[in-house]
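The two complexes that follow have subunit A in common; it is paired with subunit B in the first and with subunit C in the second.
And then the complex of A and B:
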């Protein structure tokens, strides 16, 4: 009964999040940030789960509405949700879209990926080592990889950072930030997907590096993605334009690919993303309607996973864990915007030059929402207290990265007297109900 | 020198502003079918079609050409689509290419008598999923810098 209640609550709240009231709330800059990052849903998830009330001194037994154990019993369903996210990420990589991106975007992506792997990989390695007292790399590898991969890219939401008096160069920068963020998310999924199973457990249960096995699994996932995409394309043709049939086909694709990936102990997001990429680039019937249909559920699925993250997290990270989250957030806030500004201005050769001091650069400090989905997928693959605490670190550093640039920008704008850009309500249309 | 819009005459009857705007007339004096047909061929309406299904735009344009109806096509975006594109979460790349995510608004000023053929095409040739939102609006006054073809 607990499982059904848990699923019902999560799905119900997810559906509620796509209502008209939520859309109206998104017109506010602050609410855009809270909703697009899933922070509000994470907080609600914490209220539903077992971890919030003990923090304020109320006992667990009286207050837990949705227990993580009940949720974890429905892991196949949750894996399907992760598969949905993966396919969504993959479907955006249509060749004609990818081809239309400027060279500058690719250069910034490469620069950001290199920085993320070196800087955040280093921080994660040292931080997790100090946090867990591990004496070897293998046991902490999945955690290090998660924090490193998730650090690539940034949130694509730029509405909260746009200026009222944006120029043509601001618009170009906006495109660069959004596109690089999107591609960064793809890279993050790829890095985690390929690297996750480099470490496995041997017969004695000890962690060991297994590069050959990882290559074999990756190749298997590639073959699987091609086969599922081919079958999917055929099935989409059969489903035609009927929404009900399309949903059945889509769920079939997602369940199949996510299920097999889980059986191979691989993050289902990666296998599903690969399937999405192949599916959207196969020649044949148009799948535009299919794409729109899937992407429409984006906000609902994201909210459900944010709720899930709030329920599954374990806040007992201790001081070393807290320090790790803080260092990751500060490194992101201090380094990424400045580095992105340097890389963007260096890579973009168009005239007029990209602005030197746009608030849009602050967007680079914010974590990509896929980071949260990847962290949840690691908890689902191996539901341990350590992984639940890693999830807490991801959430905490993400929240800091999300809020600090907004407040910094508002403070900066006030100092400049730019009242339009600091309006937290958004700009309701004249005559429209507030 | 540009014509003052206030002095522009209705296309229904270039000499009579009163007739051009009076709809009560048709109610108080029920016209014969023949007279109504003649009236329809003179009366102008604005045909608006919102085409969300990009694949159907080609067929629609071909049909309009076959029917001899001119029009203007505007790239557009629905409210919900705009909200989604403004706040991408997992997939924001495709939203940056307007051709892939937007819809088209087809505007056409045409004689009311020709509209039935358009709606007949939409009703009979397209499926529910393919059919654009379509409606007409009566035109009280009309002026144009170029001669209507």
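And then the complex of A and C:
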């Protein structure tokens, strides 16, 4: 009962939040942030899970609608969702599209990745060390890696930051922010996928570094992704335009590759992403129908994962955990927009020059939605309190990164007496957290 | 048949299987398998297949807190699900290209991927596609599929047609059902004569137990009928009558099964009491004593111990109280299922009229809900789904079109998974010792179905060619039959004959599961009711 109920509630609320009612709600700016970022869904997930009511003094037994344990029993179905997200991310890397991107975008991406690894990797290492009091790197490695990888890139949603009187340079900057954000997500998945198994557990369950094993597993996942992609391509051809058959192939590929990755103890998003990349770049029959099919369910899948994150998180992070979330968020808000402005203006050699004071730079402060999916996948692979609390840190810093720039911008606008500096049509009515 | 595309598809299946097995071999490292959570004794499933043991273990995280890692069986289920979905679909296509139904392909792939064949091919310790724990984890998907299939089957039944064809439906059903019951019942009576139940219960008890087993043989599969009608797009008197009979038979089956099971279990309880009284020792013998004795089997000792305990505690119910409780349970189950079905049908119609969006996801959700509610309230998922479909298609016709069109799109993965999962439950290993009885059961059942249906058609005046081929619809067996066989086993497991009877039933169901779709497709083609895609 519990497992059915868990799935029902998660999917049901996922649907509800992507339905017509919330579509209307997404006209308000605050609701855009809360709904498109998946924050409301995360909150609902918290209410359903075991951790919210105990926090306010109500006992767990009376209030837990969906227990994480029951939810984890449906791991194969959840892996299907993660595989879906991974394939969706991978399908973005069509070679023709990648080739057409300007050198500036690649430079900004490289700069951002370097900054994220150095700055946020450092913060994560120190912060987690202080939080856990661990005496070695190995036990905290997955957490450090997760916070580092997830810091790369930013949200691709820029509509809520666009100016009403956008110029050609604004449009160019908009493209740069969105493209770099998208590629940042790919990098984040790759870094976590490659680095996750550098630390593994030995027969006694103790953490050990295993670089050779990690390289071997990564290579193996690569080979498996190629094989599954080839198989997928063949199956897509066989399915033709029949939607029922397309559904079989799509579900089959997604759950198969995610399942294999999970079996090999690797993040399923990474393997699915690789499959998506190979699939989209194999020559042969068109996979446009397949791509449309995947993207159609984007918002629902993303909302479901936000709910899932809310159920799985463990808010007992204590003061050190809270401080880590705050420092991560502040570092992001203070450093990323400024650094991105510097990197973008230096990398872009076109005339006229990119604007110096566009609100679009604030977009760099917002976490990439894939960060949440990665954190959830780490909890699913190892449902420990440590990982569930890391998920809380990811969510908390993400929410702060989302809200603080908006408040800062509002304050800035008020100071300038310019209440209507953004698009008068308001916030986006659509947008997905992943 | 085009050889090259077929070979390519077979090559793709081989690649899929190879990748899955390779992944399992690579994942089955000692760190994941050797350690068990708390040193508990292995379960029966895991002891049968140690390599696929769902080994979860207690680990410590970076905060020094312990947690239980997810079991390997659970983590592997995703791969199993993917393999079943893609492999069954591909093999369905291959077999369809040589004239078989796709369902046969789904079933065959399930059988080949299942742990039964796995143990046969690579041994109990070898690495194969699907393990028992994975198979159990797939139950969730199976329940969903049953609800969706039942919804479709219910939607195909038009009350106007049932009213018009009531005479032929009821007569064919009565003759076919009765003849199968009599023939298989007779076979089982012969088989059970000479066992401990005959010795202590007498011929009446044997006949009652035999009739319960015979009821299982009368069952056929609405899912197969529905899937084949959907695949071949068949329509005509044979297709419609066959579906109506199959659905009506399901309702009849539940009543007859419950009544015969009540009577048989009461008689068997009496036999248990006689056995307990006849046992030479007081208190009842221990297992060790039984092992030393030539006269008593371990099962008989366990039975005697249980009866002694029940007698002591006064828990052994009188037959009349047991019968009345089962009768009320039956009424609740059937009535409740139908009521729930009406409610679900009404709610679905309301949703389509007022909201309409995300219909495929809502239908999947709705089917989950049907499975969930049925399980929780002790209702029959199949009947809830059937009634909901029936209500939708007969009371809300215009709205229903959208719903059933959407279900049709979902049907390919649903059927592929459902039949593949059903196939995984087939274990050819059990056939070995009982194959003669299996062949006898399958042949006699086939003959009885043919004879009973022919009689029914003749009396009701059904016209050929439908009357000549409609019997083929009643051959397939699948989920319902398997479930009933399990109930029979659970009811009589203490008796030594239960193992053999269960193996005979399982093997016969597996054979009917395989030959049924082939025969039914042939019947539909011969009756001229199969429509090509252009029609």
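Rule of thumb we're sticking to: the second predicted complex is superposed on the first by the 421 of 434 C-alpha atoms of A that agree within 3 Å, B and C clash if a C-alpha of one lies under 4 Å from a C-alpha of the other, contacts with A are read in each partner's own complex, and residues count from 1 in each chain.
One rule holds for everything that comes next: a residue touches a chain if its C-beta (ideal position, glycine included) is under 8 Å from a C-beta of that chain, and two chains touch if they have at least 3 such contacts.
Model, not experiment: these values are computed from the prediction.
More residues of subunit A lie in touch with C than with the remaining chain of the pair subunit B and subunit C. By the touch criterion defined above, A:255 lies against subunit C but remains apart from subunit B after alignment on the C-alpha atoms of chain A. Of the two partner chains placed around the shared chain by superposition, neither subunit B nor subunit C is touched by A:211. In the superposition on chain A, A:334 makes contact with neither subunit B nor subunit C. Touch criterion met: A:89 reaches subunit B, while subunit C stays clear of it.
Contacts of A:171 after superposition on the shared chain: neither subunit B nor subunit C is touched.
Residue contacts after overlaying the shared chain place A:143 against subunit C, while subunit B stays out of touching range.
In the superposition on chain A, A:203 makes contact with subunit C only, while subunit B stays out of contact range. Across the superposed pair, subunit B and subunit C both touch subunit A at residues 242. Residues 8-9, 12, 15-16, 19-20, 22-24, 26-27, 30-32, 34-35, 57-63, 65, 67-70, 72, 74-83, 85-86, 89-90, 93, 137, 140, 355, 357-358, 361-362, 364-365, 368-369, 371-372, 375-376, 408-413, 416 of subunit C are the ones touching subunit A in the complex.
Subunit A makes touch with subunit C in their complex at residues 1, 3-5, 7-8, 11-12, 15, 18-20, 72-77, 79-80, 128, 132, 134, 139-140, 143, 201-203, 205, 220, 224, 227-228, 230-231, 234-235, 238, 242-245, 247-249, 251-260, 262-265, 268, 300, 380-387, 389.
Chain contact summary for the complex, subunit B toward subunit A: residues 53-55, 80, 83-84, 86-94, 96-97, 100, 127, 129-130.
Residues 23, 26, 32, 35-36, 38, 85, 88-89, 91-94, 96-98, 100, 156-157, 159, 175, 178-179, 181-183, 185, 241-242, 286, 288-289, 291, 295-296, 298-299, 301-302, 369-370, 373 of subunit A are the ones touching subunit B in the complex.
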